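This is the structure, below, for whatever I ask next.
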């Protein structure tokens, strides 16, 4: 049985949709957001289920459309729009509505972990967010030491790959002459970034994250640099999960860097290999590894850091495939899908606990070469072909 | 037969949609916009027809969805999305894409005048524009004498009701102590306004537009004013026709003015009555007018300005109805639909040629009273009840 | 006899100086400004005379300093500072004080026209203004079509050489691709410019102002231009007369243009010759002209426009000297003093009434060549040598 | 004997002054700054002595003025201006000149510690800086969490009273709802603050700095506060020592706070008493203290914190006088000179080492009451009367 408060919230949702009382639509949207915010997790789950079940397609309208003009599938489309989509659009009209909807979807995603049947409702959010957070509406900003502290604080909080340990660490990443940080913003979220990428300007392709993050290090002036290294990419808004900006971000940053620093010739990542160790252990268990590599895994697990990890990694990257056909590694899927190529493998590149747990410290570079990016992308996305440098390809063939 | 250039444009549209070549999606969108811009009007029309016919719902996908899960109408909705919608979304990713799409729709609307069958395609534009130009994404700005000239120039150009005759006239409307101008902007259109409203601060409800526009007049300080008069509302973007912002604009401006000028008690329009004369002449022709009013029409046509025009106007506003049930007058439909009430009628309010042609110079006031706006709106939108002040109601009853 | 109100103003001046009541110093400054503003022109004159006479050097303090330490002339300097200087500094502390002082000096300059004995007081203003409007405190801004209308309006008003006839004319001067306008601003005067220069980008040295100001003309893109023409320089603040910014302005604009448009090779003015006609008529009267040139003057006065005006002008520019030794022409003194060289002479360059009256329409170009500017300046300022191109020098030698 | 490099620098100074080569004046100023920056401390000292000795008053010009017009002391003033003043003005024209001059004076002040004879030169700097940093040219800015990190970093560095221990501490002082920070900026120093004051909004007059600085504390909303406490005032630019902005800052901040938070009724400092302990120890040594207070000093030195410290402090503040007549305590001189009144004395208010060393932890409040500020100021500045609350006056009378 629904509680009175919850009855209320659906009544208001219906009122908001009915357009009766359009004049107070903003007020209604605000009330819905406020009531929603006070719901317990269980009630939130119930809220979402009810939206899915009772705010779906209006069957009468649908049947009418279907009967009246069976030929026009376009009409069918309009007639079959779930009411929840219109509801979300109307909620968005309230001041601060977009941010509240993003946070609402964050709750929905938690609910979905236990109840995957909520997916149809999430499809509505996702459909609208994809439209609203269309690349044409995003603004790229360079973040530096003149950026307001309130935004910098969020960068510290949102960094998800290589933790920023306080303001001095942040200062090294945004204010050093050979460091850059770029973020996408959306006008409706004001000063809350969507995603950002950290860039190191270097004189060669790096094989080690510790050197890049070191507090004491030799600094280049931008015009001494030949290489831009994307060493950390972080999504900031959980509620926008699955709405992809990363590919646009990297490509636009490459353009921006090329324009500002004419001497840059190489654009490359320094990336983790999050799935390596668990894949290798599973292979080991299944006795699927050649003896030599089996031994490498044993050594790695024992804390040694054998050079042959490169071969194991190459094999993981090039030979192993996900059930849907692409690369097994999620980070690889992202960069290969963008048209990058797997360039180098570095066995002792990340001494952090996290890096050890994921891949015994192995990191890799993906190369963004604008001349071949398109061809690579197509080869990967249509034929599951994994593009790698000759060095890496040779490593994968070692027995 | 399609020309080579046109084949091209559809091929690129398909490539953009296919996602093969996602990496160059922005480039493709740019090419499509550029080629489109060079098409003749006929070719543009053909472009739109082809989008409608060949970029509609993917029937195979639809049938599959329908067969596989007849119960899930939500899936049907997704499956029946016209390809043209996704195409528009992808075009929007290009730099300046939103503005180019708005201008593309302007062309589409011209084509539709001759070929109403293009409406299904326009529905796609309209659907996406409604979502993108959601009130939550709009920004209200006050326009004054510190606004860049490039924006002020657009205000001069876009004013559609009472022409702005040069910069001195503009200055009187934005820089006088008792005048204000507010506009909605969308982040993706930068400094191009969507709609704006001009406001006069006065000491009473005005019955004459000439006094408000006069170049020499007594000026109030804002704290002497009791009344805010919305004397001109102009939509700026033809390509956004039918995407409604006006109601939001007026309500937000009322809030803004209340906050800034505590002494304001009355919010009212001074509006044209564009349909009065043509309605009256048609009534006359149909011998549907009482003799007394028939005579009024004759006098008015002869250039006299009888006081009884008020009665005729009251009758037009309150008695006459559009086929769909609401008010006949388009401006009345807008304000009544917003919950305003018809407050006063002024027979000799607008001496301009345009005003004479439309309504022999008659203008009216609609009152925005936040306390009753909601109730009025509902009465009008659910029961076609036209809310008017007692004075106006009495006038309508005169025989 | 002094009126009560005037006694007051001096009492407050004394109170402001005494520092007794420092806490209300700002209030006192405000009162002085306000009372001052209400004075009649005569009272203003009296105000200034009193400042000069009663707010001069404190004789007791001076004698003490002089007696105690005859050697230290530095101390003498401090001891001999007129009280009026400290008064002006204290007035400047009030909000908006700087602007009010500038306008006060404008009044003082009018008074001085009738009463040159006020000069010592003006020296105080001039001394402090020179210090405050030091080049290091000025900000160069480019004025274009995105500049607020309130500033553009001032540009229209302040243009003193070639009148700007309304907003369309202004638009042609700031928004055309081959036109630029730069102004110096001072932080304490906010959005009120001090001086500005208008620049035309052209493909050759122009000989005619009408072509530059024409409403219909062929426009260059900036990269087609080889020449930047400074065709109008206007001082905006009468109250800053004699505080020189013009030389700094031109040199900084040359640097700015060189940086932004690499293809520019020539920087040149198109300048009036305001003293030509009156000089020539005086020469004629004094029978000091060779017969041939005497005839040229007669023809010019009769409305003809003989080509020999070039020779007359060359003679005026190169041969005639001011009593103090420099060039006779005030505009020539400015540009030659900056290190420019007289480059070309154009007989029919300015058809405006003003141009006819001043010089029968003759205009000239001064060339700013950064490589020789320093040498030219020194030659002119130390040896009164007037630097001119070979062509002009030859013209001057014609008999 | 002067080194070649130094000869050079004076030659360039003379060239800059001579105006010969005015066109390259900026370049010369830059060279002087650059050479100056490379000088050793000894050479800098020599640089300053030479400026004092050889760039003083031009004796010939002075004698001429004196002889020619003995009556006009104004002329004498102009004639006796040290060349060094004009030199400083010309140096200021270079880009960034003001900041470099401020830093040059910082060096001069160090030199003066060893060589007080440089004071006449410092008088020149001081005279010009007083004029340039006139209150009318200063801009008050509120510093908060939206301020760029580059400015916030300077606030951390410049805080001179209660050290800011890192970014979390800073955040508590600028981003808490009941904390504010205001700073004066000068346009020519861009984002480098001159002086700032930290403000706590509280519900009563505080008697303890630790409570205000505590990392965990109860926070008020601004509308709950009745009292604004100025708990720290820091000068930022050593090179501007002696150029007073503090009094203007406090008064303008009081006005700002009154406007923004209507409920504030009390404006008060929480201030250190830096001279208390050294004065008391000197008094003790001189046997000038009554026995009871002598014992208090002994106890305080022994680490106890007797309540009678209040009496000792009251005596120090009210009875002891500086040789020149004002209060002995430098902080007292500042606030009493501004017209504040000594309001309360708190014996155990500051547990920091610095506070213990200066005053055994005693702190006091000065009250800024706009209604009496003027009267207090005058009483103090003309009659050396130290204005204190009745409570404090009573304490001072205790034997």
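Order of writing sets the labels: A, B, C and D. Residues in every chain begin at 1.
Everything that follows uses one rule, which is that a residue touches a chain if its C-beta (ideal position, glycine included) is under 8 Å from a C-beta of that chain, and two chains touch if they have at least 3 such contacts.
All values derive from a computational prediction rather than experimental measurement.
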- Task: Give the label of the chain whose average Cα location is farthest from that of chain B.
- Result: D
- Query: Hey, how far is the Cα centre of chain B from the one of chain C, in Å?
  - Reply: 52
- Task: Would you mind pulling out the distance in Å between where the CA atoms of chain B average out and where those of chain D do?
- Result: 60
- Query: Listing for chain C: what residues touch at least two other chains?
  - Reply: none
- All chain pairs that touch each other: A-B, A-D, B-C, C-D
- Provide the residue numbers of chain A that touch chain B in the complex, in ascending order. 19-24, 26, 56-57, 59, 62, 72-78, 80-82, 89, 92-95, 97-98, 120, 123-124, 127-128, 130-132, 134-137, 139, 187-188, 247-248, 251, 338-339, 373-374, 377-378, 381-382
- Item | chain D contact footprint on chain A (complex, rising order) | 145-150, 152-153, 166-167, 171, 175
